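We call the chains A, B, C, D, E and F, going by the order they appear; numbering starts again at 1 in every chain.
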């Protein structure tokens, strides 16, 4: 039977393709009945910068991130990845937690389902 | 107007997808009216090892390599890439020249068309 | 008891070692079989290994049926 | 006279420096704009750069029309 | 075991091969196997291999939005679904394998 | 200039975006632009962007073998071709841009 699960989504590739869009859409769909944590790792942290998907033919992701915020999903960015790339985040109107790899490890270990992109 | 050209094909990614198959098919198609040089660089040198495309759902490439040989195409493998990977080539029934990067550079510089995969 | 099965697709993307627990199992598939890790608890998909002409000792090779059995016993699967 | 235009798609795949001639031009497109090379004779596709929110000085940015003009003047194009 | 395989990669890819081999092995071990196709994965719905898996008992779902977008009209052995439908499948599954 | 753009990547990819932007810029500069779709690139033939380019004067060709394999039936603005046809186009082109 269906049950409410702790699902961790991990986006580790950069968002400049349809991957980020589809991963976020999937997470939004899951947020209605599950506890969602969405983690941006490695090049995935670029997703949270002020980039312009429309310029390269990709649909915007703002609504998906906003929806995740409304559904009380935890949104996490990998500290080391952010630092290495020296990037700044856009204000997405949701709380973004910066956690180091060790903390992210623990979250992955505690998850019931892990979906990676 | 169409003219006979010196075309260099370069396969630099590993062959364990459809890329190698399609690149070789393209080269065979071009070999009827052009001078073809087919260069395997970087992970592309794996193409010449004894691998089994059918096991991973890819069509065999033997006929394409044989055709290139019959059309007098030059088939070249990058010396450094072969050495780094410590690989052995299968006997494809065609001559495979091993050339270093510098020689390959010169071939690319002299080409009229370069098609990379 | 297997904790997490890590299915690794590309060696370059191999997860940081700290992610791997002692009770975890790593299964290399696709191009990940081209370079084997320095850990102990790993296996490689036999078909993907043979398809690539790579030599890996037989006791490290697993069939798709084996992979399914490992997945069944594990708590969860993470594809990386 | 431009000899070869190198269109670079991924920085990790950047061709060995010995491939690049003095009269060659390098154009970074797609994810290659994320890291700029240590050479001089390069430009970056403006749209791909702005799309990724990357800061590159304006004199290094080229439009698609500019890229077409560079390609027209060159002997050949190599996508890498 | 209820096994859910999600494929978001295009066919003629490593992931396509992995997905069908795992699904077949799952069925041979008498597991309950579902596959969900989304993004470029919906192109797989015209491949014979998937039809054969459906005939072997694999339940095949796809994201209708992605299929429309790509002008794919799947046959009746594939069930139209959505991201919400996928969420339900994830809730029911014992194990989820995401391939993209 | 006779410009030939060969697309072997799937649509919804970087290469698809690069290919259409370069083709459009080529047409705007009054060049003679051809596009050849092969491998997973043939999936692009159902995209509006390619139809629009064809209407602007881009000559669109595709590998019939790859299209059959992927069950794609292109519309009449796209011309059925082959690897040998591609070879002829390469012979005629001043510049070839290969995207895969």
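Just so we're on the same page, a contact is a pair of C-beta atoms (placed from the backbone, for glycine too) under 8 Å apart; a residue touches a chain by one contact, two chains touch by 3 or more.
Since the structure is predicted, the reported quantities are computational estimates derived from the model, not experimental observations.
Chemist: I need the common contact partners of chain B and chain F, sorted by label.
Modeler: The common neighbours are D, E.
Chemist: Which chain pair shares more contacting C-beta pairs: B-E, or A-E?
Modeler: When A-E is set beside B-E, the one with more contacts is A-E.
Chemist: If we define chain centres by averaging CA atoms, which chain lands farthest from chain A? Would you check?
Modeler: Measuring from the centre of chain A, the most distant chain centre belongs to B.
Chemist: Compute the distance, rounded to whole Å, between the mean C-alpha positions of chain A and chain C.
Modeler: That gives a centre separation of 26 Å.
Chemist: Based only on mean CA positions, could you tell me how far chain D sits from chain E in angstrom?
Modeler: 39
Chemist: Check each residue of chain E and list the ones that touch at least two other chains.
Modeler: 12, 14, 39-40, 96, 98
Chemist: On chain C, where are the residues touching two or more other chains?
Modeler: 30-31, 47-48, 76-77, 79
Chemist: Enumerate the residues of chain A that touch no fewer than two other chains.
Modeler: Expected reply: 16, 18, 56, 113, 116.
Chemist: Throw together a list of every chain pair that touches.
Modeler: Going through each pair of chains, those in contact are A-C, A-D, A-E, A-F, B-C, B-D, B-E, B-F, C-E, D-F, E-F.
Chemist: Can you check the complex and tell me which residues of chain C touch chain A?
Modeler: 3-4, 13, 16, 18-19, 21, 76-80
Chemist: Help me check something: in the complex, which residues belonging to chain E touch chain F?
Modeler: Within the complex, chain E touches chain F at residues 10-12, 39-40, 43, 46, 70-71.
Chemist: Tell me, which parts of chain D touch chain F in their complex?
Modeler: My answer: residues 7, 9, 29-31, 47-48, 63-65, 67-69, 71-72, 74, 76-77, 79.
Chemist: Would you mind writing out the residues of chain E in touch with chain B in their complex?
Modeler: Touching chain B from chain E are residues 12-14, 16-17, 20, 49.
Chemist: Touching chain B in the complex: which residues of chain C?
Modeler: Spelled out, the residues of chain C in touch with chain B are 30-31, 34, 47-48, 50-53.
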